[in-house]
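Each of the next two complexes has chain A plus one more chain, namely chain B in the first and chain C in the second.
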Partner chain A sequence: MAFASALKCRECGREYPTDPLNVCEFCFGPLEVAYDYEAISRAISRERIQNGPLTMWRYQDLLPVDGDHAVDLQTGFTPLMKAPNLGRLLGLDHLYIKNDAVNPTNSFKDRVVSVASTKALEYEFKTLACASTGNLAGSVAAHAARAGMNAYIFIPADLERGKVVGAAIYGPTLVAINGSYDDVNRLCSELADTYPWAFVNINMRPYYAEGSKTLGYEVAEQLGWQAPAHCIVPSASGSMFTKIWKGLKEFEDLELIPKVHTHMHMTQAAGCAPIAEAYEAGVTRVRPVKPNSIAKSLAIGNPADGYYSLKTIQESDGDATIVPEDEVVAGIQMLAENEGIFTETAGGVVISGLKRLVERGAIKRDEVTVAYITGNGLKTLEAVEDTVRSVTIDPTTSSFEEQVLNA
Partner chain B sequence: MAKLRVRFTFTPELIQEPVIWQLGQKFPIITNIRGADVRQAFGWALLELEGEEDQINQGIEWVRSTGIEVELVTGDVIE
Partner chain C sequence: MGVTVRIPAPLRRVTNDQDRVEVDAENLADMVDAMEEQFPGIKERLIDETGSLRHFVNIYVNGEDVQFLQGLETAIKASDEVSIVPAVAGG
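And then the complex of A and B:
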């Protein structure tokens, strides 16, 4: 393990060896990877990073893995694109889209799963597993295939076709559960205790979560080694939100970038917004909700990192925005029609959330703003099918002119 | 035997009820309290429950029927 020194309880601070563990035996608090930052600061430099691979693994010094054998599908170093059209529409001069929908399995989950599957191999697990509503399922199945591991994927029985096929194609054991979210959760927590499997978001969670830090590093590097003024992020468990912030702060502490003044803006859809509701109510305990949202990839009713997300909001002087369900599709369309990027519902939440943030004056015209697009639109065709139209005509010039040009 | 880590959240009306004790009386479950914070306005307790799986299920069902919220400590694991 290059620079990761321990697992540390986020509640009581007790330290554990870097084993496949996720909760503190003493207080049940979540464990997080701790690093030897002094050693890292002696080793790392902008130059060293720039000479690394054009993937998330250019930041390997800040990831909790041992050797040079990452399970890698060429994830990360995705485009950070200036968005002049959408910027003009919203009144922002420096709007950027971090397009993480172009990862190998079309979502940012490849970042976390690349780290989790690498760790799983280090610990000599033979089986990779997860409970998922879609994006994680496909990513875990693909990485298991690449690593030559078995995969068990647990999904709710009513999942969309595209996500089921998108995971099944890699040949995992795909198990659809008859029951509620609670039932799937419950089952997987039990299985994780019973079987010697690497559940990426249970016993691998401390390592898994670190993968999302690269979304902070990349944006800072791509902006010419500086943090943006604003990050707009979609949240489910809240993990990615906290890790983008952690990534920026680590870069600051290592003096790779100047002081960070980034405001972290969380976005959630109204049908499942437990963290944003806690923020609005001004409380630090997140009340679990029963999700009922078009943004299924964000539909976590009892978010594991809810409390820590609220802390990130506080530390970064950020906020949380609840996007009405009927604005999600509009956000997807706005991004597609203005910038040529087709995102899934989570991205619709981000773009409509961004619009609301600008409207209420939280973001100024001249501030560098980054909207995180974390998933691909082709996975949630159901959400937008009814909003697009095409015309079918006979193959004649006259029907073209009558039914298309002069229609 | 199964083990389950859970968080109970109490509303003010329920804080005075000895629910955890009752749980251990009504069902053959070992209740191991690992952390708690009980104040006037609200309270929570972290517990590890140990017993047969269906006994734990029934026990949790009963606790929920008293109005106490029961969550798994890990939060949702579906992502």
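And then the complex of A and C:
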């Protein structure tokens, strides 16, 4: 906390105190946490980080809250696994999977919510709330339970069962809305102006978003204190994509890692790809779309960080890939069958997007490549149910031989 | 009776803390001009130098994002509800 000095408008640069604010009163630009990097650079070191907890809180010097009082479900420091089988299949010698599906509520959202809920307690809010495409719902509900707070969770009514149950079990008030995520978001913006609640992705947003930087820090540390050549990242609002890049650049600026030459590649599914479409069209204004995608966790038609995501692509000399809807499940299967990791639809978008990137020569065989898997497959069983088979038999050797071995 | 416009918290300093205002206007561009007369300074917060809606401002007419309608040229009538909503991060 000591190092977060202000909130600063990303557009016009106006500064605000570190209050529960998210929008600049003058230009509506998003506010971002500003830090005293000189003080951080005097305090931080590889050793200090390595001596910290085996969670995202080892990076607390670069987070905008007091880590000693964190609402902490032991999130983060998830495995960075070498993926030799998938690498061989795709033609990559140094492919890694950042498996963030193993967080406490099975998605990367625990990183942002751990920060946001800690901040909400600091501000003495009693209620945590969010608009969610599913993963955030479960994470907010769990952190509210842990923190002893009330929770209001707003989701589109058509979400996968696993995400609905996976949020409801923690005992929040769960409200399904007849509409898309963008409708839910608009409603929540209005509610956030009316009720004194901490909406993690509205009035807590500047703090919330910082949690995703830890996905950049961890990968750099786990690669032996260096940034990868390529990051493949799924995008909905684009927030995480920009924050992974910010995390890598902060580590570079603090001289914790050598100069960063990472190319940031965003992947979106064809049924909701507003940022990637703007990239392909060569424009900086993201036109909203009406989502119709199997990848519901990425189905944000009006992405708040679309503009900054395009800037991240430009700064990092990366790109954006649109994955056809009918390749999403194939991506899930490829990862499961080759590396033993079962991801949700967003991860299928990442793996199929990665395949496309390699095929078009954007990634070379000998370059260190990290694919970000940010959610667990058990949350989106509906997407793959029809592709798997099992056999039911009587408990006899003969039925096993007849119906399985010799079938 | 005019069109009702919902004002988000960050703009309420300009609208003297009113969370709804009423204006007479036939389309959104007129609406913004009419609001500017009542509440000087509001227009520059919504519209950029090129006359377009700012990047991080969303306007909805009866719940529909005007980017799916006719943008600032979208027609409005007395019974409509217009919402001004800042862009929100993902979930």
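Methods note: the second predicted complex is superposed on the first by the 400 of 407 C-alpha atoms of A that agree within 3 Å, B and C clash if a C-alpha of one lies under 4 Å from a C-alpha of the other, contacts with A are read in each partner's own complex, and residues count from 1 in each chain.
Heads up, the rule we're going with is that a contact is a pair of C-beta atoms (placed from the backbone, for glycine too) under 8 Å apart; a residue touches a chain by one contact, two chains touch by 3 or more.
Just so you know, these numbers come straight off a predicted model, no measurement behind them.
Visitor: Counting only touches as set out at the top, which of chain B and chain C does A:N22 meet: first, second, both, neither?
Guide: In the superposition, A:N22 touches chain B and chain C alike.
Visitor: Which of the two partners, first being chain B and second being chain C, lies in contact with A:H69: first, second, both, or neither?
Guide: Neither partner.
Visitor: Once the two complexes are aligned on chain A, which partner has more residues of chain A within touching range, chain B or chain C?
Guide: C
Visitor: Answer with first, second, both or neither: which of chain B and chain C does A:K290 touch in the superposed model?
Guide: After superposing on A, A:K290 lies in contact with chain C but is clear of chain B.
Visitor: Could you say whether A:A236 touches chain B, chain C, both of them, or neither, answering first, second, both or neither?
Guide: Both partners, chain B and chain C.
Visitor: In the superposed arrangement, does A:D183 touch chain B (first), chain C (second), both or neither?
Guide: In the superposed model, A:D183 contacts chain C only, not chain B.
Visitor: For A:R360, using the defined touch cut-off, is the partner it touches chain B, chain C, both, or neither? Pick first, second, both or neither.
Guide: So A:R360 meets neither chain B nor chain C here.
Visitor: Name the contact category of A:T133: first (chain B only), second (chain C only), both, or neither.
Guide: Both partners.
Visitor: For A:A209, select first, second, both or neither according to whether it touches chain B, chain C, the two together, or no partner.
Guide: second
Visitor: Take the contacts of chain A with chain B and those with chain C, and give the residues found in both.
Guide: 22-23, 26-28, 130-133, 135-136, 181, 185-186, 188-190, 192-193, 201-202, 236-237, 285, 288, 300, 302-305
Visitor: If you look only at chain A, which of its residues touch chain C in the complex?
Guide: Those in contact with chain C are residues 11, 21-30, 130-133, 135-137, 181-183, 185-186, 188-190, 192-193, 201-202, 205, 208-209, 236-240, 285, 287-288, 290, 300, 302-305, 307.
Visitor: Flag every residue of chain A that touches chain B in the complex, lowest number first.
Guide: Against chain B, the touching part of chain A is residues 22-23, 26-28, 109, 130-133, 135-136, 156, 181, 184-186, 188-190, 192-193, 199, 201-202, 236-237, 285, 288, 300-306.
Visitor: Name, in rising order, each residue of chain B that touches chain A in their complex.
Guide: 2-5, 34-35, 44, 46, 53, 69, 71-79
Visitor: Taking the touch rule as given, give the residues of chain C at its contact with chain A in the complex, in rising order.
Guide: Residues 6, 8-11, 13, 19, 45-46, 54-58, 60, 63, 65, 67-68, 83, 85-91 of chain C touch chain A in their complex.
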